[in-house]
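We call the chains A, B, C and D, going by the order they appear; numbering starts again at 1 in every chain.
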Amino acid sequence: MALSRDQIAMRVAQEFQDGDYVNLGIGIPTLAANFVPDNIEVMLQSENGLLGMGPNPTEEQLDADMINAGKETVTAATGASIFNSAESFAMIRGGHVDFTVLGAFEVDVSGNIASWMIPNKLIKGMGGAMDLVAGAKNIIVTMTHADKHGNSKLLQTCTLPLTGVNCITRIITDLAVLEVKQGAFHLTERAPGVSVDEIKSKTAGELVVPNEVPEMVFA
Amino acid sequence: MALSRDQIAMRVAQEFQDGDYVNLGIGIPTLAANFVPDNIEVMLQSENGLLGMGPNPTEEQLDADMINAGKETVTAATGASIFNSAESFAMIRGGHVDFTVLGAFEVDVSGNIASWMIPNKLIKGMGGAMDLVAGAKNIIVTMTHADKHGNSKLLQTCTLPLTGVNCITRIITDLAVLEVKQGAFHLTERAPGVSVDEIKSKTAGELVVPNEVPEMVFA
Amino acid sequence: MAGFDKVVTSYAEAMAGLEDDMTVIAGGFGLCGIPEGLIAQIKTMQTKGLTIVSNNCGVDSFGLGILLENKQVKKMVSSYVGENALFEQQLLNGELEVELTPQGTLAEKMRAGGAGIPAFYTATGYGTPVGEGKESREFNGRPYILEESITGDFAIVKAYKADRYGNCIYRHTAQNFNPMAATAGKITVLEVEEIVEPGELEPSQIHTPGIYIDRVIQGCFEKRIERKVLAK
Amino acid sequence: MAGFDKVVTSYAEAMAGLEDDMTVIAGGFGLCGIPEGLIAQIKTMQTKGLTIVSNNCGVDSFGLGILLENKQVKKMVSSYVGENALFEQQLLNGELEVELTPQGTLAEKMRAGGAGIPAFYTATGYGTPVGEGKESREFNGRPYILEESITGDFAIVKAYKADRYGNCIYRHTAQNFNPMAATAGKITVLEVEEIVEPGELEPSQIHTPGIYIDRVIQGCFEKRIERKVLAK
């Protein structure tokens, strides 16, 4: 069965290693913070200028000067640092952030990603997404495998305006985990109870399927 | 009579206005700090990362972590700020420092300056001089009009490797004050008791001399 | 010896010299760390045809949004304007131009503008609409695009504490774009929560040295919260 | 959960992985704010053929000068080396290469290296020997030259206090090149006067966030003064 949003986030959190600096986009990526295994620690980077983002504040802790990149009120974790936007993106673009996790409208077999604009429909802007995909050491895209009309979001070539090129190497969807390499999606795991055939039918871009595709394991 | 080093510095200090941020090079320029008129205040920038340089320390104030760009021990004046080298030169190169005063081996009628290298003889390096002449709003060169062999240091074309091009607009020597514009040195003041003829004879580059050349006035 | 005392006592004085069609760089991220009183003063002045460089454009009734409402803005240079319905409407009507710029590129463009760097290369935006029409070049086998710096006729900046010389510190994440904006204005105006005497701020802890600041005004801030989220 | 604890207890551990012919970026200005113990460790390791990027090269018997003395340095990238007679001698002998780089350009090259900016334009050095062989281009009618960024296999940095996560602050003008050097090493090693617990440093007053730091070691500093000048 397709994973819930929480389950996708849970699978994402398995990627992290102790000591990783991680930037989580809005939506499912943010949920991953809730599922970091007990035996490791990651530090969350928020691109408005906070490294070591803590939980949302209590009413007593609430402070208008303490927000994250999603403009939500947050706290600073022990050992946090706070800095300006140029420093924050120096950190991101200089390759110092270990993981960026973000959502997407489309990803293609060349590792291109479209996540910020739907012409004539959505003109909100790219925020920090283009910087994040250009700079992070490892990028994970989380999204549903297909849109609500059943159309695949894993394409041979993205159709929407791009956020970045040749930058996506790993995708975690509600159905599968896939690597992007050598011009194809490589299926490495499937959601528990989801068949390889279902994944094939919902993947429009070239898909490489090994003989054995293990199910994801949740602790 | 030719000005002493202190007198050159005194004349330099007359250029400053209340509220100016000033970077003073090693030698005569540094002396100018001693002659800032009582009714104005300037703030000294030291390019190793100090804005608001104070006097040298007493034995009690002495601190190895508190030096200026000449590597001398100094103090911080009230209202000083301390920052890193990239910030210091952002300040300089971004045109935020009002005055740079520095010495030179040669200056020419195009406003070119040579101050850092004598081939096969002196290989100390340019330090911050190239940044300062490229960035400051106003640059004053202080030097003796001629070298110790009597050779003019105000040339038609510099012969030594340059520090910067088309950047010098004002020169204060032991004999005169000159503006550099339209491909010539323009004599504007002479040292008390120094004749226009002496200045002419010691200026190798094209010199424009007005009918009246007032003597410098010292308070 | 008043040369370094940059404190002004009225908003009119603070924004004196602002004219139609000027470029204004504004600090702040969303509604966090914005110079509320200076924005209100621009509204009062009714200056038209402004180009505003700011990561966001406030919300419909607060922050820079009030200048949109008042039709004073010709062009916005921003990375994200999704909180602002009026923005979308004016854009679709053709009343407003927008130059969408990646957030990190925007921050770096302001810094470069203040630092005398006219242009720099970045990988951000290569191969995307942001890179269209810009020079691209490879360094060490990777493609980058050339981005030019930004400077403004004015910069409006919000800090926590400043001394009379303009040396200032920012509080928590209200820092954001403010330090870069401060460096990039021909005239930089700083609105602060508290003015202190020179010497009260520790020199090596100052975020923005006073050399970048032309005027300092004591403000009074609402500090509206855009998304109040509390611990569960 | 030791992932963020970067404290090491021996200099051998601090500089582990340094090999012949590597590039080392060093913080410090003259003898101020230099990682004394890390430099001594490089001498102990006898690593040869090093390229050292540092504003200065110490003096003959102290700071980076001891690596010159020990003939471990193949090339220096510096802005000013006038305090060092040995330097001049090795240069004239052809034992040493030098790349003289304006001080501000050097600082910006390190910052750019750490910030993912492969190159930038600057007016500094245009029309001088520094600009020779470099691309030049006009922006707004003024000529600039293209300068490329610098990164190192190692960066060695000196701070005042750091927490176990590597967050640190510098003291007075011992800051200088250290923050930029810290960002530009593949492995960045921080030698500090005092190690504190995470949370002891105020987050918005941290000069270098721990993300740039790989190893932290408690040092013991002589802090030699290059030019002691006292008030008259």
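The definition used in the following text is that a contact is a pair of C-beta atoms (placed from the backbone, for glycine too) under 8 Å apart; a residue touches a chain by one contact, two chains touch by 3 or more.
Just so we're clear, the structure is a prediction, and the values are computed from it rather than from any experiment.
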| item | value |
| --- | --- |
| Shared interface partners, meaning chains that touch subunit A and subunit D | C |
| Between subunit C and subunit D, the fewest steps along chains that touch one another | 1 |
| Pair of chains joined by more contacts [C-beta pairs], B-C or B-D | B-D |
| For subunit A paired with subunit C, centre-to-centre distance based on mean C-alpha positions, whole Å | 29 |
| Distance between the centres, which are taken as Cα means, of subunit C and subunit B, whole angstrom | 35 |
| Chain centre separation (subunit A, subunit B; CA means) in Å | 55 |
| Residue list for subunit B, restricted to those that touch at least two other chains | 50, 76, 82-83, 89-90, 92-93, 134-135 |
| Multi-chain contact sites of subunit D, meaning residues that touch two or more partners | 108, 111, 115-117, 122-123, 170-172, 175, 203-204 |
| Contacting chain pairs - touch in the sense defined above | A-C, A-D, B-C, B-D, C-D |
| List of subunit D residues in touch with subunit C within their complex | 108, 112, 115-123, 139-140, 142, 144, 148, 169-172, 175, 203-205 |
| Touching residues (chain side subunit C, partner subunit A) in the complex | 29-33, 55, 78-83, 88, 91, 98, 100, 102-108, 110-111, 122-130, 160, 170-180, 207, 223-232 |
| Of all residues in subunit D, those that touch subunit A in their complex | 1-4, 111, 113-117, 163-165, 167, 183, 198-199, 203-204, 206, 209-212 |
| Interface residues, subunit B side, partner subunit C - complex | 17-21, 39-43, 45, 50-52, 76, 78-83, 87, 89-97, 134-135 |
| Contact set on subunit A toward subunit C in their complex | 46-50, 55-59, 61-68, 70-74, 76, 82-86, 88-89, 92-93, 112, 117, 123-131, 134-135, 161-166 |
